[in-house]
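Next, two complexes with chain A in common: one pairs it with chain B, the other with chain C.
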Partner chain A sequence: MKVNKPFAKTAMSWFATAVLATTTILFVTKSASAQLKSAAPTAAQARYVPGEVLVKFKADATDAAIFSVVGSYGDEPLKVMKRRVVHVKLKNGQSVEEAIASYQGDPSVLRAQPNYLYNLHAVPNDALYGDLWALKNTGQTISSAPYPINNPGLVGMDIDAEAAWDHITDCSSVIVAVLDTGINYTHADLATNMWDGGASYPNHGWDFFDADNDPMPADGSPHGTHVAGIIGAVGNNASGTTGVCWTAKLMAVRVGGEISVSSAAASDGVDFAVENGAKVINMSFGGPPEQADADFYDVINDARTKDVLIVASAGNKSNNNDINSITPCTFDLDNIICVAALDQAYELADFSNTGATSVDLGAPGTNIHSAVAGDRLIEDFSTGWVLNGGWGIGSGDYCPSVSLVNPSNFCTVFTATYANNADDIAYKTFDLSDPAILAAGVHSELELGLNDANDSLSIALNGAGGNPFSISPIATILGPFIDVLPIGYDLAKSGCLTATCSIGTRLQSDAGGSHLGAHLFGFHIYRALVNATTSELFDGTSMSAPMVTGVAALVWAFNPNYTYLDVAESIKKGGDAIPSLAGTTSTGRALDAMGSLRYINPPTGISLSLQ
Partner chain B sequence: MNDSSRGVVHNFIRVILFTLASIIGVASILASGGGGGGGGNGTVTPLPGTLQFSSAAYSVAENGGSINITVTRTGGSDGSVTVAYTTTNGTATSGSDYTATSGTLTFADGVTSQNFSIPILNDTAYEGDETLSIALSNATGGATLGTPNTATLTITDDDPAPLPGTLQFSSAAYSVAENGGSINITVTRTGGSAGSVTVDYTTSNGTATSGSDYTATSGTLTFTDGVTNQSFAIPILDDTTYEGNETVIISLSNVTGGAELGTPNSAVLTISENEVSSIQFTSSTYSVAENVLLSAILVRRSGSTSGTTTVDYSTSDGTATAGSDYTATSGTLTFTDGEIFQTITIPILGDSVYEGNETLNITLSNVTGEASLGSPNTAVLTITDDDPLTTSISVSWNANRESAVNAPGGGYRVYYSTTPGFDIATANVIDEPYVSGPSAHTSTTIQLASGTYYFKVVAYSALNSAGSEPSQESSIVIP
Partner chain C sequence: MKWLSAVLRSTILMMLAMISSSCTCATSDETRIKGGPDRPITYPENRVPGEYIVKVNEDGNEALVRELFSNYEVIDITELRRSRFLIKLGNDPGPDEVERKGLESPFVIRVQPNYLYPLHQQNEAQ
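What follows is the complex of A and B.
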């Protein structure tokens, strides 16, 4: 543990998606033709058909003789198959075992056996299953992939989910808390797998970020919903994606927005989850190296004493977490599993943090297809913008895409600066009146250079439309400042779910010097939609952690007597040794669901005595 | 003696002649005598008479003591006359049968008869009647010897007459071993042994065959006078074939010499088989080590090895238990012609637990063919324990929490070795599979000899038959 700096209750940077995500994540709509294999087995416990046996008669047995023998037992020959095997329907009340014993004793019979039921090797019928390389890597190419490396990857480089599903697909005995940006619990692929909080928690969890009972992603963030879908999107429902757990109990604990999560909310969220029976808590977030959070440590340690397992993401900055500690990944607690990201060839994802001692294992984290809260309106700055002063729509060498800029030559002139004594406003009015919109948020990347404290950039939202700065701005950034940062604002909270939601920005300066100005790009509005069926491809260790969380839930459901440490050991030691993880993680292994189910702890407490 | 014999013959002839004369010429003799006497009628001429025996023949019992012989004086008794008498041996012998007697009888005037006595000597021997002669002579006084002047005295024997007897076998049954060489058969003569008698004997086949089992024998036995036993021999022929006992009939016939055929006059001679074939164990005790897969028990046919013989065998528990220590075995052994040995094979079931030596019983029974159940026909097979004397060790461990370990297909393997840090791949192992209930067994018991042992436990499941990594190693010292 490296608690070497006081924790400031400021935002932790959000791992949700890699830095390219906002520009490359696209809506993905797959046809239902993706992978329509046969239905998954029912009643996995029944290993053979009751009331039926297969009897192999000797080669010289005639049909007449066969019918005579079968009839003599009061049974009914359903069919004489090839090789003198007869499919026999037993008389009522006859057990398969008794019948086999009887037939085995018949001189005309070579052998008798149950009519075995084979596991259809559990393959779900979800429409997007074919895209889920992490569960079954067929070497498929992921369309519109945000992560271009190793797409397609290598056949078999997956978490071996199908083998595990032969044994268990139901994690509903294990409550999984998703501490995240909230879950669209109305999502068609999640609704039936949400935790039932009863009258106290009618919305399947709690929102510690906004301090209310509704963990719906208020800023429309797709992140928490995506994570939840990886863990427990309803499996084999012929639509959407497939969770590691086909059935689950997902507890939605909102502890942040798309931009950040607070320490206080995360701590409260862990306590809430533990108190309400969660056994596994997914934390696809982490604080920067300088944030060592003693309070949060204590909360997770308390969870440990209550037999709760934490799965955390390693981070997406290609850092070595052994050197640059990440909260909570690098907390020195054995109830935390910290997860790095692998690509489709089980190479370490280029963005993934590592840590030979602090990062435990790797799991798929690129081009991960999962549910999202709804859709997003991507702003291309082509129409509707009211531009005053130095604002303009530009593109060029210094802008990765068409952007809203001030000065207007920001994209083409390296030395361009905003004007002195400026008070420039730009805004656009959006229609967010659709009643299907449960929540929405405006998000953008902002590259900003301000000269001094007399210069500022403000953001304003106004549901009444027109110049949004007719009311107070929602945020103002003062100079001196030079950075690129994400911004995001909850539109519902600002009364902006209207047909006239104006969103604007204002650059103000004095006469005393200038700087490079403002560059907004990746501007979009997330909309959480009722009964959403949407899904997206995301990259990030945020996606890797819920893979592990899902397997943890499977393992725990399969082994009800397990402790958190048993689950953690089975995951760490049941993984596949992967070259790319050797030396970059403590186990050198990649997540393997079947390997985790197979894993057996060495017996303990060996006691010897003379008798 | 010749004289005596001649004399007897002479007298005999004379008796005959005299007799003939008495029958044919009495008248003339009388006439002649009358003529002579008539001539004296005219004058008184003394008539001294004639002297003769009162009879020509006398008889006396051997035990009669003596006999008085009367001499009569006929034809006148004038004057005193004398006559001499004497005895002469006939078949009787003086001194043993009678006392020789002689003397002179004097007839005084007018005496017409006088006696003398001959002593008879008794014995117990049967000699038959014997005779002696007595004769008168030397008449004086004018007497003349009349007729008869010789007589025969018969001494009648009072002893029982001797018999030739009856001839028979000394027994109705005889027995001889096949390899006895020969047997003497005795014929006895009883009820008298007088005279020489003969009897014929012969053999005939009963179940035995002459020429291969014995030599046909026949002949004549002669019993001379007084001989009461005779015997003849029957040669017995040995072979190497088991035939069982066989019989020969022997018979007597054709008795001569006045003897009679007694009983038994036929007998059975039994030639007893010497080719004794028996089936038995070669020992009454056998031993086999527990770690040997099969124990071979030898059964031997002794004596004749010809022919086919079978014997049944079976095992039974002693202190060993069929099914865990050995496999119960039974069957039939067949000795074909010439075979001496057969083997009973008993599978031995080894284990690694020290139980001490244990035993089982093997029994032979029901011999068929030309053999008998010999001895020993029961044997004890000891299974010697190859496991060291052991101590019972209890091994226990904490229950694993994996559901699949505590379900069908799951369980634990306990590995142990005398080597610290051992590799489980080469160690001893005891499997404790899940059986039923909520969890697999978490303990087991092992029998181990003294030493230091190291243990590791592996848990396994239907999902993971290879199992967990081994537990930490524990050790125990067994004194």
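What follows is the complex of A and C.
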């Protein structure tokens, strides 16, 4: 985006311009004096040739005088260029800064400067880069897009990543924690960008959902891996996608499964991340009840006192978060950035929550291509099911797709109900013996109506095959019950990563009346694969938050002396003003990586007098 | 009993419906038609049923927490960080009653449900 840069609008633009002219890099501090003192580039900003300077001598300096001056410092003149500029090789051990200070004090020298390096515009060579409209919007059409609106979008409606990458692509000095469903840390596009937890945390993080040291998505969930890829998929490695950060340190903190995150796990996860050095924590989840979750509030507040920034997603219910609060987004803590979703034309995504006071800014959140943990087997119910009693495979007006149902006419007869005194089992055997499978889980939707407490629906697994109800079920739902709900369960932990993993469901009833029955659809098995190279397109504010997290890591790596407030302000005020976000977010702005890098807090305490 | 714990959680997750009211997973309106006006759809609470987080002061410990809630059948108790315990009740009287019971004790600082938060993924390519 090249519109309405706040940098150009600031009343102190003269000041910023001066800084730009001297270094081409920006430094942000709280006061003007500190600003001026910070002119020496930090390591992250050192974009010049070490051991060399360019010295411009005064017009009356003779060649002999030039060589004499350079020699007097023990340096070597490599070349006398036009306009009496000398390319100097410094003596061993002398820093560029020291040399510049020395030459600047010499009466024959007009000025001295580093031998700056300039990059070609930074464009990564990743195979799927052309799909990453959020980073570079060329007006490309995204194939097989889950979000059909504004596809293609508008050229230039992106986070201006390439301009930012001219300055920095390496965020590895800033640990980023991904509190999510786990990360497939063997993924080819993530493995080298994972946080090194040493001997204590050999798997790059911790699993607070299953209480073990392995944050691999045990249920195969792709969500956390997708989020991690947006932040820090390895860039410029000629494969897959690239993250906002090409190089990163991603800490995997598993706090939930494919369906949801629990407060207990999330709270401990924040503490773990902070204790182990994370500076930015991504949370692509949330929901009611706002301040009632005092535990979660406390840990995020404590993270604030330890200079840690939280980036959270606003939610996907098209709600106004100012009215329907969302935890953690609407906590009244200034170390939380709450993010809405934008589409490819930088219109607000139709699902995105908003909030004129509670949502900070927007970021791309539709048709986002990123790494996933592996693949998924989509069950079409066409073969292999053993069906007993009232179970059947159906389709019709009351089923969105071919489904496993009981009664068998569930999809076609509105008043259909299951039988009294039923004890009906349906199951299928799957081959999950591929050694490449690290973890796997079943995910599906279940519409269920049960009459009373004597009616039930159970799920069972058996790695030995056959009727899975030959052993105890892993879950049972008792009536009375009616709802449509997502269900999910691990297969690895139930010993079902075998060639004969049977997965089944059982409906039991008494003689005392029946109800709607069971309708299982959208059934698939997620598989986390070793050294996965897979990627997918997802929508959601879940995808918007990590865009901001990536930029936060960039900004912090670029300016290591920043506080969380500096980073947050840079992101909020360095964004682009977007009509669709005016009045729906507190800033009215969309994420801009370059704008965030060059945003300068206006200096305070300056007084000028005219003479 | 890690495996048992996972099973219990799976059970809870399924029984809960977890926030299907706020779940971002696509759910066709058609599938809800059969729930119709004469079959009201329930909206499960956004918490793990039977699970509570109990924060205690320096006088509190696992045994005291277990004893305090023994009338509600403590089937599991896990120590969390920050002097907190995650308890799972076999006979859950509901958040109000559990909180009331907890705050009767001098060593309990706070009791809250173990809330559930949905992921904010909207769609995915099929």
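A few notes on this one:
Going forward, the second predicted complex is superposed on the first by the 481 of 611 C-alpha atoms of A that agree within 3 Å, B and C clash if a C-alpha of one lies under 4 Å from a C-alpha of the other, contacts with A are read in each partner's own complex, and residues count from 1 in each chain.
Criterion: contacts are C-beta pairs under 8 Å (C-beta built on N, C-alpha and C of every residue); 3 or more make two chains touch, one makes a residue touch a chain.
Given the structure is predicted, the values throughout are model-derived calculations rather than measurements.
Residue contacts after overlaying the shared chain place A:W246 against neither chain B nor chain C.
More residues of chain A are touched by C (comparison of chain B with chain C).
Residue contacts after overlaying the shared chain place A:R598 against chain B, while chain C stays out of touching range. Of the two partner chains placed by superposition, only chain C is touched by A:A294; chain B is not.
When both complexes are overlaid on chain A, the residue A:D210 reaches chain C alone and has no touch with chain B.
In the superposition on chain A, A:W556 makes contact with neither chain B nor chain C. Applying the stated contact rule after C-alpha superposition, one finds that A:S263 touches chain C and leaves chain B untouched.
Contact with neither chain B nor chain C is seen for A:Y427 once the two complexes are overlaid on the shared chain. By the touch criterion defined above, A:L516 reaches chain C but does not reach chain B. Residues 391-398, 400-405, 412, 445, 453, 455-461, 463-464, 467-476, 478 of chain B touch chain A in their complex.
Against chain A, in their complex, chain C makes its touches with residues 2-3, 5-7, 10-11, 13-20, 22-25, 27-28, 30-35, 39-44, 46, 48, 51, 53, 55, 78, 80-82, 84, 86, 110, 112-126.
Touching chain C in their complex are the following residues of chain A: 144-147, 180-181, 210-212, 222-223, 226, 256-264, 266-268, 271, 284-289, 292-296, 298-299, 313-317, 327, 341, 349, 351, 365, 378, 397-400, 414, 445-447, 449, 459, 474-478, 481-490, 493-494, 515-516, 519, 521-522, 536-543, 545. The touching residues of chain A, counted against chain B in their complex, run 167, 558-563, 566, 597-611.
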